[in-house]
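Some structures are shown below for you to check.
The two complexes that follow have chain A in common; it is paired with chain B in the first and with chain C in the second.
Then we have the complex of A and B:
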């Protein structure tokens, strides 16, 4: 699932109240796990909310809405950010950042992020970036999916990936999960 | 200027300001994907929604 499909999704309580909408997806660089969402109000005149929603408080991430028990699930913005604070994080938005391999090749610019939701384990992990390819991938300007290792490195300027990720690039989400698994297996085998 | 001329000007200004406000709020609601800040540090770019939020 792309994160662009999650942003602006309404947050609805089990009582049926539409209380907010998803603004940002917050994830930890170390482990790539989604820690929660920042929120915005609903309606034309609403801006960002001071509260955020941790992933633990999400009842389910449905196709059309994020379900929560009640508004009591909201917590201060900073506590959700702190929960995702890990070494290697930047605190910045990855959309628009450049993806650089550890061999120093610029692969392109991030236009979206791919996450995988495991309903049984109630986890949501970042597994790849959707990039607008640079010349290095010989398909400049096209959108490609690039798999990520379990541990990510991200500064405000660059998102680092192993050079071997180029061999596992995909074009659509179908089969991308298998590419990510193969890529991570290769990294573990080489480590 | 006639009184209705002033009325049109005032209503026009209100409509423009309202449009700007709605546009600004739509921009502030726009989302992103944030990497959690590094441990033990705080983020910059504080706005109403708190630190680390996209503009």
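Then we have the complex of A and C:
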């Protein structure tokens, strides 16, 4: 799913109370994983909360809500940020960064982040970016999904992807997970 | 029996054969997946009738031994009544975080008061799956 769809989603306890909503995504492992969420109160006039939610405390990230056992899952904002930073940095805000292939082609600008929940490992991995295509791609100006390798190389300005990522570009989320898997398999195969 | 069929039923005293009220609402305890009390209207006495005090919950009426069993309030019931504990009309989320619909009706075991199922628009969920009832949603386990 796109991270833009996760923000504003309610955080609901198993007791059925909507105790917060997602304000922002905290990235971990150099931007390759979701480390947690910062939170805002529910309702129009409630501002950001002092507490945040680390991914480990999330029961489930569903289509309509982020489920938690109880409010005991919350922890201080800073400790979630610190833990994510220790795992290789947040990767910063990738929106607006340029995606550059290792062959030196600028593919476009990141407009959204695509994540996938791995239930077995209980992780939420960043599997791709939605980019606005540059003139290097035939479909300049359109939005495309670009798969990411399992480990990322990112700076403030650029995100580096292998040139072969161009062969696995998708147009919509259906089937994108499979093309990411194929892309990563091909990288591991050393092709 | 569906709550929609029981709603409005007369509550009759078996001692005097007189109507003592009408069924207005149910009070649900999510931890035991059951109805713990009926809330009554058109009563000159209390409006709370604990399920354990019912004599019968039949297809035509509910019966109670004596009007004295109607209470103004009850500690257990008071903690479970009110808008945030209401089940009917509320959205249903499963513990995955996916919305399943809205509770349209309850299927209640007329003997034990156990909730057999929550009836949603297009499907139903077994009462045993009930996890919690809060101001935002009714939460059910994965079914």
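Here is the rule we go by: the second predicted complex is superposed on the first by the 180 of 191 C-alpha atoms of A that agree within 3 Å, B and C clash if a C-alpha of one lies under 4 Å from a C-alpha of the other, contacts with A are read in each partner's own complex, and residues count from 1 in each chain.
The working rule: a contact is a pair of C-beta atoms (placed from the backbone, for glycine too) under 8 Å apart; a residue touches a chain by one contact, two chains touch by 3 or more.
No experiment lies behind these values; they were computed from the predicted model shown.
Superimposing the complexes on chain A yields a three-chain arrangement in which chain B and chain C fit side by side. With both complexes superposed, B is the one of chain B and chain C in contact with more chain A residues.
Contacts of A:171 after superposition: neither chain B nor chain C is touched. In the superposition on chain A, A:22 makes contact with chain B only, while chain C stays out of contact range. When the two structures are aligned on the shared chain, A:154 is found in touch with chain B, with no touch to chain C. In the superposition on chain A, contact is made by A:7 with chain B only, not with chain C. Legend: residue contacts after superposition of the two complexes on their common chain; A:40 is shown touching chain B, with no touch to chain C. By the document's definition of touching, neither partner reaches A:122: not chain B, not chain C. Legend: residue contacts after superposition of the two complexes on their common chain; A:140 is shown touching neither chain B nor chain C.
Figure note: vertex chain A, arms to chain B and chain C, all at CA centres after fitting on chain A; angle 80 degrees, rounded to a multiple of 10.
Contact with chain B, but none with chain C, is seen for A:78 once the two complexes are overlaid on the shared chain. This overlay, made by fitting chain A, leaves chain B and chain C with a least C-alpha separation of 19 Å.
Across the complex, chain A is touched by residues 21-22, 25-26, 28-41, 43-44, 47-54 of chain B.
Against chain A, in their complex, chain C makes its touches with residues 84, 90, 93-99, 131-139. Looking at the complex, you find that chain A touches chain B at residues 3, 7-8, 21-29, 35, 38, 40-41, 44-50, 52, 76-78, 81-95, 113, 152, 154.
Contacts from chain A toward chain C in the complex involve residues 10, 12-18, 59-67.
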